Amino acid sequence: MSRLFEASVKENRRLTEKHYLLTFNPLKKIRRPGPGNFFMISAGNGLDPLLKRPFSLHRRTGSGIRILYRVTGRGTAILSRKRPGDVLEIIGPLGNGFPARRAGENTILVAGGVGIAPVFALAEHLAASAKKPVLFYGAKTGSDLLCIDELKSIGIEPRICTDTGDTGRKGPVTGMLREFLGKNPSFSEDCCIYACGPESMLRSLSALAGEYGLRGYAALEQNMACGIGACLGCIVNTTRGYKRVCRDGPVFPLNEIIW
Amino acid sequence: MSRLFEASVKENRRLTEKHYLLTFNPLKKIRRPGPGNFFMISAGNGLDPLLKRPFSLHRRTGSGIRILYRVTGRGTAILSRKRPGDVLEIIGPLGNGFPARRAGENTILVAGGVGIAPVFALAEHLAASAKKPVLFYGAKTGSDLLCIDELKSIGIEPRICTDTGDTGRKGPVTGMLREFLGKNPSFSEDCCIYACGPESMLRSLSALAGEYGLRGYAALEQNMACGIGACLGCIVNTTRGYKRVCRDGPVFPLNEIIW
Amino acid sequence: MNLSVNVGKLKLGNPVIAASGTFGYGEEYSGFTDIGRLGAVTVKGLSLSPREGNPPPRIVETPAGMLNAVGLQNIGIDSFIKDKLPFLRQFETRVIVNFFGDSISEYAEAAARLSSAEGVHALEMNISCPNKQAGWSIFGTDPKVTFRVVSAVRKATAMPLIVKLSPNVTDIAMMAKAAEDAGADALSLINTLTAMAIDINTRRPKLANITGGLSGPAIRPVAVRMVWECYRKVKIPLIGMGGIMSAEDAIEFMLAGATAVAVGTANFVNPGAAVDILQGIKTFMSARGIRSPRELTGAVRC
Amino acid sequence: MNLSVNVGKLKLGNPVIAASGTFGYGEEYSGFTDIGRLGAVTVKGLSLSPREGNPPPRIVETPAGMLNAVGLQNIGIDSFIKDKLPFLRQFETRVIVNFFGDSISEYAEAAARLSSAEGVHALEMNISCPNKQAGWSIFGTDPKVTFRVVSAVRKATAMPLIVKLSPNVTDIAMMAKAAEDAGADALSLINTLTAMAIDINTRRPKLANITGGLSGPAIRPVAVRMVWECYRKVKIPLIGMGGIMSAEDAIEFMLAGATAVAVGTANFVNPGAAVDILQGIKTFMSARGIRSPRELTGAVRC
């Protein structure tokens, strides 16, 4: 019944200065996670850090479940030191996940920074279908871009932009998306956006979607304690009142989020 | 100037269910530790556990500095999971160490349980001299006896007793010593005792030494925070008032300790 | 071995309780642990009308602890009775309802309303939440005011009445005495310590509410001390809490004087924590031939 | 970059101080760190006559913290002046002498005696030690008594007078105000939280003194909150302390309102902690173009 399980670290590969790709194998049978689901993962094995940290499903592969993470603080720093064979305590899969798209609908995927982690999961899920998603991917610099080869290997050619412009277009990902929408009015007629990234990106994406009257969903982040809806710690303000990111989300309709 | 250093774990070998032998190599030049000196060793690398733990010098070998320890709680449990290449933060060497014996004097060494750790260091130091020490060693059961082969390899034949009697004599180590003193009056005429072990053992050893008018020293233990004499946390009551185990000791004359 | 304990008039099958605010309304945990095995579940603090609570961020981790400033978000007593209580009624587990008000009359009215609800076994008055709004934190820090508000609630209900004390006081035992004198059947202690954390890069408080309540293992030694001080001062039973992560921690509280214990922050780390702790207490007791948790209560040898 | 700060009349070369009771009389650390680089060293609390302190065990680790019940062991003011002060005089580092008494007149006499000693730069009155004996813990928990004892000491000395507050109170800002009104030049906060730990196997308290003071990172969020509360209530400068382990922690206290910071328990973990923290503050400041620590004091944006 419990979704608490132990998993053994299979690989913890450094991708960039700050990003790691961790593959784990659950030591017992767990529910099948889908795109937009997440796990609460303990980085330590004592009281430091105390709380588990949320990480999205990045990929399910033959060798295990993968998360892609950025070292931002104490917990992720400790996680980055895990070695193959180390055991992690995990709760999950959790959260609502990305909703299925409507039949025949076009899909735009938007990832900012490490937001590529769950967006990739969805891209992989949708890549096999007839209507391939179009993926917009923004990062600070070219060296922060992740899984470009993996995206290509699933047949997706990401449209890239960076803040510095050293790779892809210079500027925010929403700028590139706006241009795309302008140039492809028929595509955007029946189309849904799925996004994950920093708040500033999601905020302008919301505005853009509103402008063009597009449906869309964003996977949100908030500090979490329990991950299962009990502590009321991970609130986001929506048109339907405060909602729990962990249980009511992490995926919310773009037009319901009050920034 | 600072006696704070990092050391890399060379080996962390399990000897019995509860005992480990850890060899470390300081990553910078440190002062040369002697028998009875100790180190404050951090078992974690965060806030859990917070304080360093004291461990006696057990042996200096070509491959590094050794401590011999028993898993009793959280800190030692975490220490027992260290692997070769892991880095420890250490302060030391600390403490007064065992005083040199007087010229021509006989030496009795008494170890109880993991008290063999520093007693072995002294035994090794004295083994080369003309007057070989006589070593009494008590433990709970035969399987708790440590470094018997090492003792033999330095030419010392320990006189063993255990609580269960499954190895060596049955009964407390002080009983065996009392018998020895009775049978060897000339030996005990000019003789000094050096001991480390549980409080109950040291207490009866004090009484025995008093009875026979023998000089003696014991390495004591007390909960420590700083290890350098600053916090006044590690007090022992002596005939000269409260003394700090870490700085005024850990070795104290048996006849000065007030039990 | 008989694990049952009496917390005043409230009879529990075992001494392990889920702490208020850390176990939702119970149902959140139903997919994660066996609620039916717990002595009691204390639900998130309720008020007469629903509350929105504070804006995010509401929580942040601190050394061996966490701050929360949920701000008493809740669905209100009526929705609770209608939508949440039926779920809880299916278990043997006792249901303790944590509640609060903005005035003495609100406290009394809330208690009266809850008393008539089927499936509520005890009331826990929160006079101690540090997320003060409307200046009412005084209910838990001035013994005279505590006496008055508890007396008013006592008159409004015949239910087992537990008063939950704030640790943010000079003399916890005096507060305990005031609650006892006013007719409390038992005391819960402790609630969170008022605390604060600042992000040095943004220079902003890490919580939108500026301050929040510190919970978790960091506060355990303070909580144990307070249980011990109250145990020597009052006769009514105590529910001990604050940083209980393991059976050993729970037993420490019992030795200090607690009749039962509540598990809070630990539930977040491990949704099965409370059940694991119960199991650990059993193992401890049977290894030592202890027949009832009562043998542990207050058994510290000073 | 100018690191100097004024703690009232006390001028420090930089804002990092070693906290009382965690740095011995300074000399204990001389083989381990460069004392001369610290803004100030606060020595172990002194009384008119030497004290033996509590029996062992005196310390025990708790989650992200430790309890101590040293019981104010000290060599007495006279020996300190004769045997310890000369060593400290060789450094640029300011010397703050922490002291206490059993009565108002003892406090005043101790202050007078210390004021005439060469090489003492400020006095820190400990009215807050939780290891209460002779019932004097009231000095730090009742604002009226605090006002009286601080006033008496104020009359006895012209030295910079720092009053060290206890966190074990309902309203720390009220205590701060009482000390300010009585003439304190600065406040130190916080001292340790009264706490307790029990060995569940022996059923005995882990400290011989039963209770002790909780220090270390566990208490930092409580300490930061108290500094922030006092900063908004009083005008005199604050020395912030409680669980500072890193430069980031120290800066957090400054943002909350501290003019200087004291490092306590961290010295035990790393004898070079205070110097490392100073170094880290410099790095932080120069990375952000901050020219004086004063720019950080109270700069939290709420």
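Order of writing sets the labels: A, B, C and D. Residues in every chain begin at 1.
By definition in this document, a contact is a pair of C-beta atoms (placed from the backbone, for glycine too) under 8 Å apart; a residue touches a chain by one contact, two chains touch by 3 or more.
It should be emphasised that the depicted structure is a prediction, and the values quoted were computed from it without experimental measurement.
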**Study point:** A-C or A-D, whichever has more C-beta pairs in contact
**Key:** A-C
**Study point:** Farthest chain (mean CA position) relative to chain D
**Key:** A
**Study point:** Averaged-CA centre spacing for the pair chain D and chain C, given as whole angstrom
**Key:** 34
Revision key, fill the gap. So, in whole Å, the Cα centroid of chain A is separated from that of chain C by 36
Check your understanding: Rounded to the nearest whole Å, what is the centre-to-centre distance of chain B and chain C, using the mean of the C-alpha atoms as each centre?
Key -> 47
Study note, to complete from the structure: Multi-partner residues in chain A (2 or more other chains touched) are 47-49
**Study point:** Residues of chain D touching at least two other chains
**Key:** 63-65, 216-217
**Study point:** Overall pattern in which the protein chains touch one another (line/ring/star/complete/other)
**Key:** complete
Check your understanding: Contact residues on chain C for chain B in the complex?
Key -> 63-64
Check your understanding: Within the complex, which stretch of chain C touches chain D?
Key -> 62-65, 67, 141, 168-171, 193-198, 200, 202-205, 210-211, 214, 216-222, 224-225, 228, 243, 248, 251-252, 255-256, 284, 299-302
**Study point:** Complex interface listing, chain B residues touching chain A
**Key:** 44, 46-49, 74, 78
Practice item. Over in the complex, which chain B residues touch chain D? Could you list them? Key: 1-4, 42, 47-52, 75, 89, 91, 222-237, 241-242, 247
Point to revise | Touching residues on chain B, where the partner in the complex is chain C | key: 47-48
